[in-house]
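Quick heads-up: structures coming right below.
Next come two complexes built around subunit A: one with subunit B, the other with subunit C.
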Partner chain A sequence: MRRGPLTRVMGEHPVGTAFVTPYVVFLAAVFAYPLGFAVYMSFHDYFFAAPGAVVDRPFVGFENYVTVLTDPAVQRSFVNVVIFLVINVPLTVVLSLGLANALNAAIRWRTFFRVSYYVPYVTASVAVVGVWLFLFNSNGLVNSILGPLAPDPSWLVNSKLAMPTIAIYVTWKQLGFFILLYLAALQNVSKDLYEAAEMDGAGRWKSFLNVTVPGVRPATTLVVLVATVTGANLFTEPYLLTGGGGPDGASASPVLIMYQRGIEQGHPDVGAAIGVLLVIGVLLVALIERRFVGREED
Partner chain B sequence: MKLQAGLLAVVLAGSLVACGDSGGGSGDADAAAKARGPITIWYSNNAEEVAWGKQMVAAWNAQHADQKITAQEIPTGKSSEEVIGAAITAGNAPCLIFNTSPASVSQFQKQGGLVPLDSFPDGKSYIEDRSGDVAQQYKSTDGKYYQLPWKSNPVMIFYNKKAFAKAGITTPALSTYDDFLATSRKVVAAKAAKVAIYPAPSNEFYQSWFDFYPLYAAETGGKQLIENGKSTFASDEGKKVAQFWRTMYQDKLASPEKYTGDAFVDGTSAMAVVGPWAIATYKGKVDWGVVPVPTSSGKPASEIHTFSDAKNVAMYSACKNRGTAWDVLKFATSKDQDGKFLAATGQMPLRKDVATTYADYFAKNPDYKVFADQASRTVEVPNVANSITIWQTFRDAYSKSVIFGQQDVGQALDEAAQKVDQLVKQS
Partner chain C sequence: MKVKFVALLLGAFVFLFPFYYMLIGSLQAEPDPSVSGAFPKPGNLTLHNYTEINKSIHLGRSLINSGIFTGGVILGTLVFGVLAGYALARLQFRGRGLVFNLMLLIQVVPFQLLTIPLYVLIVRSYGLADSYSGMILPFLINSTAVFVFRQYFLQLPAELFDAARIDGASELSILWRIAVPLVRPALLTGVLLTFIGPWNEFLWPFLITKQQDLQPLAVSLSNYLTTVSARAANPFGAVLAGACVLAAPAVTLFIIFQRRFISTNLSSGVKG
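Coming up: the complex of A and B.
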């Protein structure tokens, strides 16, 4: 069959292609171009300059990567973000699925609870951070309740506890969003399956494990991926909650170091190298997660 | 699902990296230096400075209908320096910014974002006549002035008279380190405040300007962090200052925890290390007194140096009508406008003989006189390339050893000095 010129350019479904094109252009302009440009910067002695300024930005090969990989602060930040993800991602999945399941049941005050979990997500971090500083400082509410069991130094200035505290904070703050994802997924789990399970003698826990968990697996894949990617982007909390990644860099994240090196200190080439390494790291982690969490969909 | 999930990961991860580029042209610099016409300026968002800026602009515009100033506060960002750096790169920086941090000048200069003020026939002489010897600290390594030294906030020790009275102290002894520690212990023991003093313990590169650096300037009789291309802080004096602060943190006289709000105003601390800009915020809230920063031997006040906490004015290369911008710069830093600035903000114009030039003001406002005296002995951050990286390197070492006690203070400063010397050599 002879294909017309429009079909050759736009494919079998030109209307669909037309609808998709604006978003593809958006992706190319806002994400793909900056990503490509960051790779370019990371291989050059690059710095931002005024329009028309005559500057030399020679190709330097892997020099920026060597600088980054041998920088103890950068190494520490990558270890920190791994600690963060190891705590944050499983906790997010377990809590959001458990709470979504509870909120999906016919409980009293259901709307109130749904709103309560969602409010932290839509509240500005700057405001919420103030509350957490009040809760977790040495004279704060948490330590007052713990009394002699309170850690010394306190949570946010304790090099062993600062990052776990941030991980718990972020889990709490984002929980509302992930609960919504699971609530939507739960609507697609057939009631027949629960009835069949009940007839087979399964209790509520067994139904949850054998019907709900497999039923929301696509949502779990999404939650794990999104939590990983947003977790790797961690910036606001170490910047505000622990005063710039303290104590002694124990809560510094790669993005915070990128900001310090690339923006504050005027070395965007080094910042870009950190960013590229982080993108590669996140993609690897995402692929591994897809392999294990999303395996039954394949 | 596999493709979409992969795409999602790429898209979100792509947001981790930033981009920027430059292009276009700046035009003929010589022609621009003589060009006159409308200009734009930015000033700080501090309420008192905004009030001064508005009257200055109104006064200029009333007399220069063909060279009007359009003014605005510096756009909001994580810091003014970040916003200015972005504006330079975008080519839309204003002609003048009345809030240029001396620590960022070398970076802006490297970006090609600043106009050397020496390019005006009377540029160098105007700066040096106005500010005197202090001006030398603001020269860049190429010997040129890319900033006009505008105003300083000499950092001193404020104390809360009521808190001290509660601890039974009427005349505070704060001149030596031993005195300062003893007074601090007394205040905390009497529960007059939770801590004696609350310098920000966070890790931003500039925080050392308000704990280590003022005391270092005092202890060394006015040394900068870097002199003659080499770090100076790993000296005996530097280690004494760092050890003093370590004792303050170790004995819980200062807190390593971040504080939201103003600890001095809230009564959480009995002292603050800050410049005269803060007086306006203490009005009606704290009954304060002020003394110079301490030294190990208790030097007399007339010999004590401190950190200037200056903000300057720079001309940006995106400016087309530089002739007008230079005239505005001289107008805004004239004796008359400096006097109005002093009256509106309480901050010290960086001009020689402030105390005698504005004797009437200081007669009416005796609280500020001590700052005018201190303004003649201030130390600026060194004007070297990699300035911010150097300060962050120092802060990391200080934070680790002094604030959190995870390393010996002397060893931390020695290691930081080696790194800083390498950074200075790279410039």
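Coming up: the complex of A and C.
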């Protein structure tokens, strides 16, 4: 094929540019521009105005950030998300790897198991929250099974237990997705390594620790990262399960506070600042996790 | 092997029981949170809860709204996503690498940071509050589906495309006549993958729909849960009936097509 100057500049199939244009416009309009806009808002006195009205929204430096960082509700929500992650992330890794490993063996009813683990993941949280409320309320099924051992005040209205209950709920709901990630990763662990471990006299537990766990490390990095981002996105559960982050803010998430401050109370600049801080927080946590989980050997 | 099987069985119980309980609870005339209430009692079964929730939130209207929201996103993803996926897999053009990297980067941008600016832009600047387009816009093209389409187009043999190009076929007709029919399974996978996003989405449609007759089921059910249910005779029964209606389409689709669904996650997990 003759390569003219036009081909060199535009590539062999310039029509490709036309094909991706709608997608690129979408990415720019829905991700890139709002991302920049969020940062802009967080540094300005930004408020809602009638469409088309010309208003002055002066630059205020870090004022919104000071407002956010000195707000006890925001501080509490960030502590809450840490509590959430400390429970949710390790539990997710251990349970999903354990169940994926069991599922990977030649076992009866594999399809049934896979489907049953995946069902909570494909179901709307709003729907499942309804049944959890029924199960975990003061005289719900869980407490009637526990009898005298039932916590008082009950799970979702107990300031010490509300956040852990949400963390367990989310672990349960998302686990199927992570089990599938691990199942895929387990296919890539070489069978020879298991044979070698067996030859060295390693039992099942030893070979799980020495072959399986290091073998799926890239998947573990991904699982930890995705679980962290999902946790930082938490909104529906505190909004519905604990009636808006109750009791007394004990289960409020940053996104819930962002919604309350930014939209309900009409301070989008403060809301945007919470969002920016949350993302910086997630990036920091992800970096720390990467150091611990990511690559131990190199 | 026995231990593993028992562990898996126990797991399956923990995962499925709440769904069973959802169904039982939605059929109980009187809520029965005792242990024996977990077993169906013929005398205590009724469909009344479904008519009750239907009276408060108009299930039909809400389901149509969920359907339009989800359908719009699926349509957008199929039309624009297939075009983009094909171009990224099969066409050499300026900026291809950049678009590909952007697509990957998008996967890690947390949506929560975008909620406030998107709300300001879509509701305040473009005046799209209480409209289907405002609901659909932020989800219009599912990037994971674009990635899946690209992977499938990449697997097709190059000779096929070369031959068609020599015959003088335009890229659009090659895509439509040759490539799309060969990747039909990918389209189904893309549709399933895209479906659960908007169907289950709560925060965004909740923010931008205040009119009840425009709210998708996830939003109207949650409004019932937070405001109306306190005054209802059997609030749990009605909420669980609504929950069953909301859960049923996604769960049914998933069970029918479970093979498609699982292999998607497997392949994107391995290759991604």
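Quick note on the criterion: the second predicted complex is superposed on the first by the 264 of 298 C-alpha atoms of A that agree within 3 Å, B and C clash if a C-alpha of one lies under 4 Å from a C-alpha of the other, contacts with A are read in each partner's own complex, and residues count from 1 in each chain.
Just so we're on the same page, a contact is a pair of C-beta atoms (placed from the backbone, for glycine too) under 8 Å apart; a residue touches a chain by one contact, two chains touch by 3 or more.
Because the structure is a prediction, the values reported are computed rather than measured.
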Exercise. Once the two structures are overlaid on subunit A, check if subunit B and subunit C clash or fit side by side.
Key: clash
Quiz item: Just subunit B (first), just subunit C (second), both, or neither: which does A:V115 touch?
Solution: second
Quiz item: Looking at the overlay, does A:S159 come into contact with subunit B only (first), subunit C only (second), both, or neither?
Solution: first
Quiz prompt | Contacts of A:T242 with subunit B and subunit C, given as first, second, both or neither | solution = first
Quiz item: Looking at the overlay, what does A:T67 touch: subunit B (first), subunit C (second), both, or neither?
Solution: neither
Quiz item: Regarding the shared-chain residue A:N210, is it in contact with subunit B (first), subunit C (second), both, or neither?
Solution: neither
Quiz item: Which partner does A:F31 reach: the first (subunit B), the second (subunit C), both, or neither?
Solution: both
Quiz item: In the superposed arrangement, does subunit B or subunit C reach more residues of subunit A?
Solution: C
Quiz item: First (subunit B), second (subunit C), both or neither: which does A:A219 touch?
Solution: second
Quiz prompt | Candidates 114-122, 132-140, 150-158 or 258-266 of subunit C: the single one with C-alpha clashes against subunit B | solution = 114-122
Self-check item: Overlap of the subunit B and subunit C footprints on subunit A, listed as residue numbers
Solution: 27, 31, 33-35, 37-38, 41, 48-49, 51, 130, 133-134, 137, 139, 222, 229, 232-233, 243, 255, 258, 262-263, 268, 271-272, 275-276, 278-279, 282
Quiz item: Which residues of subunit B touch subunit A in their complex?
Solution: 1-2, 5-6, 8-27, 79, 81-82, 85, 88-91, 93, 107, 110-113, 194, 200-205, 255-258, 260, 317-318, 386, 388-389, 392, 396, 399-400, 403-404, 406
Quiz prompt | Residues on subunit A engaged by subunit C in the complex (per definition of touch) | solution = 9-17, 19-20, 22-24, 26-27, 29-31, 33-35, 37-38, 41, 46, 48-49, 51, 98-99, 102-103, 105, 107-109, 111-120, 122-135, 137, 139-141, 144-145, 172, 175-177, 180-181, 183-185, 187-188, 219, 222, 229, 232-233, 235-236, 239-240, 243, 254-255, 258-259, 262-263, 268, 271-272, 275-276, 278-279, 282
Quiz item: Quick one: in the complex, what on subunit A touches subunit B?
Solution: 27, 31-35, 37-38, 41, 47-55, 73, 130, 133-134, 137-139, 153-154, 156-157, 159, 218, 221-222, 225-226, 229-230, 232-233, 241-249, 255, 258, 260, 262-268, 271-272, 275-276, 278-279, 282-283, 286-287, 290, 294, 297-298
Quiz item: Which subunit C residues qualify as touching subunit A in the complex?
Solution: 1, 4-5, 7-8, 11-12, 14-16, 18-19, 21-22, 25, 31, 33-35, 37-38, 80-81, 83-84, 86-88, 91-96, 99, 102-103, 106, 108-121, 124-125, 127, 137-138, 140-141, 146, 170-172, 196, 199-200, 202-203, 207, 218-219, 221-222, 225-226, 236, 239-240, 242-244, 246-247, 250-251, 254-255, 258, 261-262, 265-267, 269-270
